[in-house]
Structures are given as C-alpha cells and as structure tokens.
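Input: structures, listed below.
Both complexes below contain chain A, partnered by chain B and then by chain C.
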Partner chain A sequence: MFGFFKNKYDNPALLEEIRQTEEKWFVFLDKLELRLDQLCAAAIPELIALFDQDSDPYKRAHSRMLTGLTGQISQMQQKAIEAKEEHIIPFLYASNTVLPDLISSAGRKYHDRLYRFQMACFERHHQFEDKVNEGIAALRSAKGNSDLEVVYQRQLTEFERIKNKFSCKQCGGKLTIQKMFFIATYIQCPFCQAQNTYTPSTEIQMLFHQARSLAEQRTAHLLQKYEESRPKNPALYQQYLRSMFDEWNKITPDMLEENERFYQRLLKDHSINHY
Partner chain B sequence: MSENPLLAPIHGITLEDYSAACAKMGSGLSEDQVAKALGVEMPVWQEANLLWQERMKEDATYQIVTLFGQHFGTADQHPKFSNLQAVVSPEATGYIEKIKTDKDFYQELEVARQVAYDYGLDGASWIADQYGISLGDFQIAASLWNEQIHRDIAADSQKYMQSQDAYKEKYRQKFANAQGGNVADDIEF
Partner chain C sequence: MSNAEKKSTQSYLERLKQQALSQENYGGEIKYDQANVQVYDCPECAAARAPGDGLTVCAYCGFKFMSVKLSDGIHIKKVNNS
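And then the complex of A and B:
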C-alpha cells in the first residue's frame, strides 16, 4: 500500500563475493591446519627421542626445539589473524555500508547473509585457534620419560650406594654422609675433627630444584579435585596445598621452615585472589 | 623505624652482595670466584644463595625482588667485584658498554634475543656469539633500562609498539632466511 515492497535491494554480485570470500577463508585455514598437523606429527617423535637421549639435566636442547616449533605455530596463528584483519573484517564493513537499512525489509536477506558469513568465518577461525592450542599442548607433552618419581628413587638408591665412600682430606678416615644434602656442606671428620666439604653431584643438586614438581606430581589428584569443584571450593585448594607441601618437606626436610613460610604466603595470595 | 627483617644479611652476605654475585655469575664468573670475592667458602655461599631465594618467595610485598633487580643493575660498581671481570675481547667490551648506554641498541638486541628463541636458537647464546655480550651483562642492561622503557610506553605506547614490531620483523626475516623460510610461507589467503 505504501510502496514498501517495491524496489527490493538486488545485488547478486555481492552474494557471490560473500560466497567466494567465505570459501577462500575456509580453504586458507584448512591448509594452515593441515600444515600444523604435519608439523606436529613429524615433531612429536623427535621431541620425545631428543628428551630421552639428552643427558643435560636441564634438557636445554629439547627446550630449544620446542620453542622453535611453537614459534612456527605462532607464525601460522599470526598469519591467520592478519588475513582476517586484512580481508574478512574490511570486507564485512565495506559490504555493510552498501546495504540498505537493517530495519527495512528491502535489504533483510542481504543483512542476514552477511551476518551468517561473519558468524561462519569467526567460528571457523575459532576452530583453527583451538587446533593451534591442541597442537602446542601436544608438543609440550612430548617429553619422553619424565616421571620425577623414577628419577628421585634412582638418586636415593645411588646415594645409599655412595654415602660411605668418602674419606677425610686430612687423615683419610672414613666419612659417612648421614643424609642427602643438596648443596655444598661441611662434614666434620669423626676421627680428626677436620672440616671437609661435601659437594653433591649435579643430579642430586637437580633434585632440589625438581622437589616441588615431584610434590605436585604426587598430589596432582587433589589439585584436580579442587579444579573440578563447582563452584571452586577453597577448602579443597587448602587441602591440596597442605598435602603438596607435606610431600615437598619429605623430599627436602631441611627446608621445612622456609617452606612453611612460603605455604602461608601462597595460602594468603590464594584467598585474596579467590575472593 | 624498624628495618625489614627479610633484608638482614645471610651469613654476612647482604642483598647487594647477593645481587651483584648473581649478575657477575651471569657475566661469566664461576661460583668459586664469586665465593672468593665475597670472602666465604662454597658451603656458606651456596646456603646464602639458597636462602636469599627463599626470602624472595616469602616476601609478599615484592620489596626484596625489586631491590634485587636494582642492585643487579649496579653490579659493576660493587666494591667486592670491582677487580673481577670476565675476560672479553676489546670489540665485546665496546658492545657491552653500548648496551648499557644506548637504549635503542639494547631494545633491538632484546627483541633479537626473543625472536631467536622462536626459531629454536638459544637467544642468550646468539647474543653472546654475535656481540660477546654475556647473559649477565644483558640482564644488567635490562635492569638499567627497565624504568626508562616503562616511562616511554606510558608516554607513547604506539611509538614503542611500532619500533618493537619493526625489530621483530627484521629478525624474523633474518632467522627465517637462515633456516630456509618458515613452515607455512607458501600458504596465503
């Protein structure tokens, strides 16, 4: 009656351009994902082998290879972001400006199509980002045999083997290292009272730095219980933290006082952040 | 006003001593040399080393780690280490001086170091190999420039980001060319 249904907006060229742009975007991300999969498939066995073969206690060669690989994945991620910013988003804005008002029925079909295009492209990018995160997580997990408990037990056995094999530098008398020390320590000779310096092996020194990780490994199930609680239960976190620090203190009993102060600090920090 | 008990010396080793020792070990001095410079034996140094780190963990105010950073940056002026320098070439000496006095040079190398890691290299070793600048000297420079760079960002963050992006692009190309390109160079929209 008022001519509202006359002069409907008609732009088949725009519809085709939307279709092609969407298809190009999907093909582009498909190619990146395929390359990502190929990279991870080739890299994971190499990372595991490198970790197992590397005698460096800090596993630096493994770490360098890992950061190189995640660096390449970041390049792919950045490539996708730049393509979205240079091609998809400007296209969306430009297309919107040529369409009639959204509230008019004349352009409704085109606005709907453009909205579906936007959602499809953003969702596809989101899926790509998920694949990137999965790939990075898979690479980070490619660590070979990293059970700290095995390493710790091996060092305990080794220590028991060697603890009676030291001699006083002054009188040659037999020295027994009474417990596992993680840093250079004075040992007094029971025969001539001379002060000797015992320096633990690199592997035992490493145990000190790995003690917390081992304690966390032993109590991971409690942390999981806290993280799965809904809503997050602070009592479960405290239970985890107390158990973790108890395990830590079993491994490095000489650090009990310092660890307790650190425990109190972490508990306080968590209560501040939790509430 | 009572002094913070966490700042008390450990076995006679003050926080300034400890910070400078860490900086000097990063610059190439051995633990033996550092312990000797501080006038203590190895067990004493190693326990103090351990306990200073525990103090930082315990300190919720971050005062200790902040002071550590400041003292780290002035390690070259610490009297106990003034006669002790790692052996470096004259060229390296020039670069070490430059990184502490030329902010742009420091910032460019900081980016180069990070990008090197992204390409599977040991960034700190790359800097040492190219310029003779040890990790310790690099960290000293970082401490010296930290506040100024924060001021620059606050004053003009866009300019800062642009220069960072330019450095990143320069070194990405350099390291990518060295390894035959990036994994997905052939994939374009």
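And then the complex of A and C:
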C-alpha cells in the first residue's frame, strides 16, 4: 500500500535516455541559434543597402526582402516547436508512465530528474524564442536613413517657385496659390470668378502622408528622453506627443481639428494600463 | 562558421535581394504628375462654375454637375451647394 515497502525503483537506462534527449535538444537548438545569428548578421547590412538602393518611395523592395527573412526565421521557430512536440513532450509523458506512482518514494529520484529535464528543456526553448524575437526586431530596425526633412524642404522650395505660375483656364488671368495644398482644391479666379481645380504634384500629395513621420523625426529626441526615464514618466510622454502634434500641425495645418482628436485619443490610450 | 556555410548564406541573401528588387510593384510604376490647374466647364453651355452660385449646378443653364449634396470637408464646405 502506497509503495512504502516496495524496493527502490532502479532504471539506469532511463537516466541515460533522459541525458541523451536533453543533450540532443540542446545541440539542436544551439545549431538553430547559430544559423539564426549567421542569417541576421549577414542580412542586416544587405537590408540597409537595399533600403538605400530602392528607388520606390514606399521602399517596397526592402519590405519584400524583410518579409522573406522573417519568413525564414519563423520557419526555424516552427522547426523548434515541432521538435519539442515530437520528441520532448511525448518523451516526458512516456517516461512518466513507466515510473512508479508519484506519491510513492520509490521513483522519487526519477521523478525529480524528469522534472529537472522538463524545466531545462523548456527554459532552453524560451531562450531560443527570445533570440528569435531579438533577431526579428534587429532585422526590422535595419533601415537606411530616409531624411524626410530634406524632401520636405525641397518641396517647399518647389512650391515657392511654382505658386505664381498658374493662370485661369477660363480667362487666362493670373492665379496665386495662397498656401501649400496637399490635395486637389478649388481656386477661384479673381477676375472671372471661375472655379479652377488645382491639383498639387504627386510628390506634394505624398508629403501629406509623410507628415507624421517627419514630425516624429523632428521630435525623436523627446521620445528618447521619455523611453530612457525610469520609471517611465507619463509627463514626458505627453510633452513628446504635444510637440509631435504641434510639428505635424505646422506641416499640415488643415488637419488641425482632426489631429487634435487623434492626440486626445493617443493620450488616453497611453494612460490605460493593459495587463 | 565554415566558408561553405558563409557562401550559402550569402548566395541565399543575394537571391532574395534580387527577387525583392525585380518583383514588380503592385499598381506598376509610380507616375509623378506636375501640379496643374483645370476648369470643369458646363457641357451644355460651356460656362465655368462660379463659387458664388454654388458648385453643384450651372448658374447659367441649370445643368447639374453633381447630384450629391456636399458636406463639410477640408476645403469644400456645405455653403458650396447650389
């Protein structure tokens, strides 16, 4: 009863098998990690080079390569998960069934060993997963510099150059574009009152969508200040967000009202703690 | 890392890069247009639209330019309805 009087359970073959399985698992993950490191180390300079080489304004070739690489990495991740599900977990269950009952002391040593094995294997897998996430984050942050300020200043100069060069299509009177429009808009001819439709150049239309990124580039130092504060100071975040939106509004003043609502929402979202 | 492994990683990356570059972007090449000004004349009487009389109906012959009712947008406002 309860195994009190049973002989001690002895199974050296199982101990050996546990040791071997653990070793194999560690070697397998070491190899995968090595391949992951190699891939990331080689890919980062290539990604940066491609970003600079890509003439597409949305850098789509760069994103395609990034997607390919993250796909490769998630395959490695998948391989590790499959190996764990095929070799580690079934082995744990199978070994547990051959051991004496858990409440008897006969197989205590084996149960403890098996538990240590499980913890070691799972912990090693966690470490691998962490490495995978670090690798993906490193790849994602491997971008060339896209200085939006230069692009913006160039478009401002271009606009200054062309703003007085339009004439009314109805009467030929001189039209002046009062401010930088980012979307098509009506301009009234001061002479014949005809409604002219002014369509800005494609590059200026694109600026409208880059305005937030540009504002973020301008205020990146404030965000960094917030990120570095310990514990994180919400007042610094608000300061960053306010100046970011102020910069954004300077670029696209027409969106002031909408941006203000967005600012309030971001601020509110930031103060909600997600657990 | 052995040289052979290094080479295979490099050649894989090179292939991936070439593929990423050669694949055509959705929607084709981006067409860069210059800024321009146009006028939408009334097809019935060739008059241009005048904002004082609204933008939806021709002030001269009553031709309907658009059947929708304008609402407040960034540049176009409700008052632009004829």
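Keep in mind that, in the parts below, the second predicted complex is superposed on the first by the 171 of 275 C-alpha atoms of A that agree within 3 Å, B and C clash if a C-alpha of one lies under 4 Å from a C-alpha of the other, contacts with A are read in each partner's own complex, and residues count from 1 in each chain.
Just so we're on the same page, a residue touches a chain if its C-beta (ideal position, glycine included) is under 8 Å from a C-beta of that chain, and two chains touch if they have at least 3 such contacts.
What you see is a predicted model, and the numbers here were worked out from it, not measured in a lab.
In the superposed pair of complexes, A:T199 makes contact with chain B and with chain C alike.
In the superposition on chain A, A:G68 makes contact with both chain B and chain C.
Of the two partner chains, neither chain B nor chain C is touched by A:D246. In the superposition on chain A, contact is made by A:F166 with chain C only, not with chain B. In the superposition on chain A, A:K268 makes contact with chain B only, while chain C stays out of contact range.
Looking at the superposed arrangement, the partner reaching more residues of chain A, out of chain B and chain C, is C. Contacts of A:E17 after superposition: neither chain B nor chain C is touched. In the superposition on chain A, A:E216 contacts neither chain B nor chain C. Residue contacts after overlaying the shared chain place A:E33 against neither chain B nor chain C.
When the two complexes are overlaid on their common chain A, residue A:R60 makes contact with chain B and with chain C alike. Where the contact sets of chain A with chain B and with chain C meet, they give residues 39, 60, 64-65, 68-69, 183, 185-186, 197, 199, 255.
If you check the complex, the residues on chain A that touch chain B are 24-25, 28, 31-32, 35, 39, 60, 64-65, 67-72, 74-76, 79, 83, 86-87, 183-186, 197, 199, 255, 258, 261-262, 265, 268-269.
Interface residues of chain B facing chain A in the complex, by the touch rule stated above, are 41-43, 46-47, 49-51, 54, 57-58, 60, 117-122, 172, 182-184, 187-189.
Taken in their complex, chain A has these residues touching chain C: 34, 38-39, 42-43, 46, 50, 53-54, 56-57, 60-62, 64-65, 68-69, 162, 166-170, 175, 181, 183, 185-188, 192-204, 254-255. Contact residues on chain C toward chain A in their complex (touch as defined above): 1, 5-6, 9-10, 13, 16-17, 19-21, 23, 25, 30-41, 48-52, 55, 74-76.
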